[in-house]
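Here the structure comes first, spelled out in structure tokens, and everything after it is commentary.
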Amino acid sequence: MKIPARIGPRGYRVAVTTRLIILNGGSSSGKSGIARCLQTVLPEPWLTVGTDTFVEALPAAMRGSDAGIEFAADGVVSVGPEFRALEAAWIAGVAAMARSGARIVVDEVFLGGPASQQRWRTALDGLEVLWVGVRCDSEVAAGRELARGDRVGGMAVSQADVVHVGVDYDLEVDTTHTESLTCAHAIAAHLS
Amino acid sequence: MKIPARIGPRGYRVAVTTRLIILNGGSSSGKSGIARCLQTVLPEPWLTVGTDTFVEALPAAMRGSDAGIEFAADGVVSVGPEFRALEAAWIAGVAAMARSGARIVVDEVFLGGPASQQRWRTALDGLEVLWVGVRCDSEVAAGRELARGDRVGGMAVSQADVVHVGVDYDLEVDTTHTESLTCAHAIAAHLS
Amino acid sequence: MKIPARIGPRGYRVAVTTRLIILNGGSSSGKSGIARCLQTVLPEPWLTVGTDTFVEALPAAMRGSDAGIEFAADGVVSVGPEFRALEAAWIAGVAAMARSGARIVVDEVFLGGPASQQRWRTALDGLEVLWVGVRCDSEVAAGRELARGDRVGGMAVSQADVVHVGVDYDLEVDTTHTESLTCAHAIAAHLS
Amino acid sequence: MKIPARIGPRGYRVAVTTRLIILNGGSSSGKSGIARCLQTVLPEPWLTVGTDTFVEALPAAMRGSDAGIEFAADGVVSVGPEFRALEAAWIAGVAAMARSGARIVVDEVFLGGPASQQRWRTALDGLEVLWVGVRCDSEVAAGRELARGDRVGGMAVSQADVVHVGVDYDLEVDTTHTESLTCAHAIAAHLS
């Protein structure tokens, strides 16, 4: 006998197996907005963590030194070995949260492209993940970066395309002409 | 043959075994300031996560409903079952970060007193933890809450004492008359 | 002999006479983003102040009491007499900044419609003002409010249309399908 | 016949003549906290504006260029001619707010010492002002800057003493060993 799907108050089927939604996209592509909309439209409580959460957890000195993450004048971000070690521990921790029962939206920037995805894939082995590419035309993203006023100029353009090269997705959304909430509904419809 | 202690640039011995420093104290007692100072004075890179990180990861709806965390008009905070389940997953995740090699300062408010400590103690089984009580005279904490201007009034007073009742510490610091940086130095001297 | 127009680095004529650009629109209609873009595209330095600047300057107690500004559960905002008196002084101050030589973008919400506009018009008597309506479809604005995650839910919908009723503009822009930067360029082209 | 003083709910006489309280002190000396406490303890509604309000109103490009304000690596701040012109307009605007009936706490950093004070004094001619020096031991301020975690390192030390040289006060407070709220009470007691 088939168990009928449970339907949440907004018409989405309660996710039975998907544990993580990983949003990958460049700076100012709209990932955080989509994450907040997903938390509202999905019937279960989902946590949201991401690159920003991790960077805030770092010592201030590691946000601007060769050992850590570096925001260059042109917006390119480079990282060092201590950053990489802490990042690996961070990813293992997020995986453990999911294994302990939490549903999690991860708001990420795969600066290393497929190598970044592989780090997450390995850590999440055995968990059901929905991989989502969040695209935005680089000129539009640069304009939104300007309008936000709280980001290092140039990051949007430098990251817009490179973070997607060689990365595999279950679904891609594009915020150039589509609102965050509409993208969130499209993602919600893909959960299993 | 005894391995000589490695000394970091600020004169503190590199921590060999301590993996987590857990700061417990009421709102506006000064935990976050101590955590940032620890990240600066300790020779290794330490991550900082805490109650605030977790609450920001929650859906907006769970920060103000019976199912989640609730900030009442008098500053008392109550939580529900969904919050508790996500919190357990969060704690398991922080423990996994430490087991994966990260050193972590945890900035916590043990609203449940010894029950809160037991939840962390169980999850951190086998890891070396330094338990630190962060005290502040409740009237002074209330004044600092007012001066910060971004907190719900009344939390400082309602939490100042209750979070410490029945909790065991390796070390206690008191920010009433002692600066955050001085407290951080005292804690750093206790790492093993 | 006609003095040739001075052209700034982004191709816009240096504003000769316009002293203030007043952006009026509902919450989450995109005014602040347009203001920041204007500050970037215009050749002269322009200050930006607005409703948010004023509300932050108020005592905390006046942001949630009958005497001041009140954000109701449905997002409707009401204000009292003390708020009105301080607001009048604030507007007089912004007018004085412009009379003293500053160019100013004002990011406003005319909750009182034409009465709000009249308060500004009277204070700015003799100064050249560009009045700009910032529109956004109310459903789209509500989705952006959700995506921002830092606003009281319901304000976008309750303010979207009412703030424009009976207000006169030199120019209207609509952010529903147009980016902030594009709107800023349209406004910049209207300065005299 | 003498008019009896009106007493507010917290025991302070309602200020009859003082229109502005100008707090001058270095970064991380505690001015903003004192300003928020003053807004709470004083019986009338007081606005608070200051250097931070002004810097936020500037175009992003003027916060890091020779034409505007510059935060150097050592925390020293230098300003250029366009900044000075906008600042003069800003000060004139704050004076106009006070002349229009607002009571205002001004949270300032007199980087130019007596020249900075003179700019304010000239603009505020005829208004009753309470000039308050906010001191803090430079080593303590540097520790608090570290604990805050959101300020450019080095500003506290570089500004601690220089902003007070040659400046005249009606009252000085010192936050090294005194809480913001206690300082606010001392200031409140000096209003006339």
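The letters A, B, C and D name the chains in turn, as written, and every chain counts its residues from 1.
Convention: contacts are C-beta pairs under 8 Å (C-beta built on N, C-alpha and C of every residue); 3 or more make two chains touch, one makes a residue touch a chain.
None of these values were measured; they are calculated from a predicted model.
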Proportion of interface numbers common to chain B and chain D (over half same, under half different): same
Relative to chain C, chain with the most remote C-alpha centre: B
Centre-to-centre distance between chain D and chain A (centres being mean Cα positions), rounded to whole Å: 41
Separation of mean Cα positions, chain C and chain A [Å, integer]: 33
Length of the line joining the C-alpha centres of chain A and chain B, rounded to whole Å: 27
Multi-chain contact sites of chain D, meaning residues that touch two or more partners: 36, 40, 60, 149
Chain B to chain D touching residues, read off their complex: 30, 32-34, 36-37, 40, 140, 143-144, 146-149, 177, 179-182
Residues of chain B that touch chain A when the two form their complex: 36, 39-40, 45-49, 53, 56-62, 67-68, 82, 85-86, 88-90, 92-102
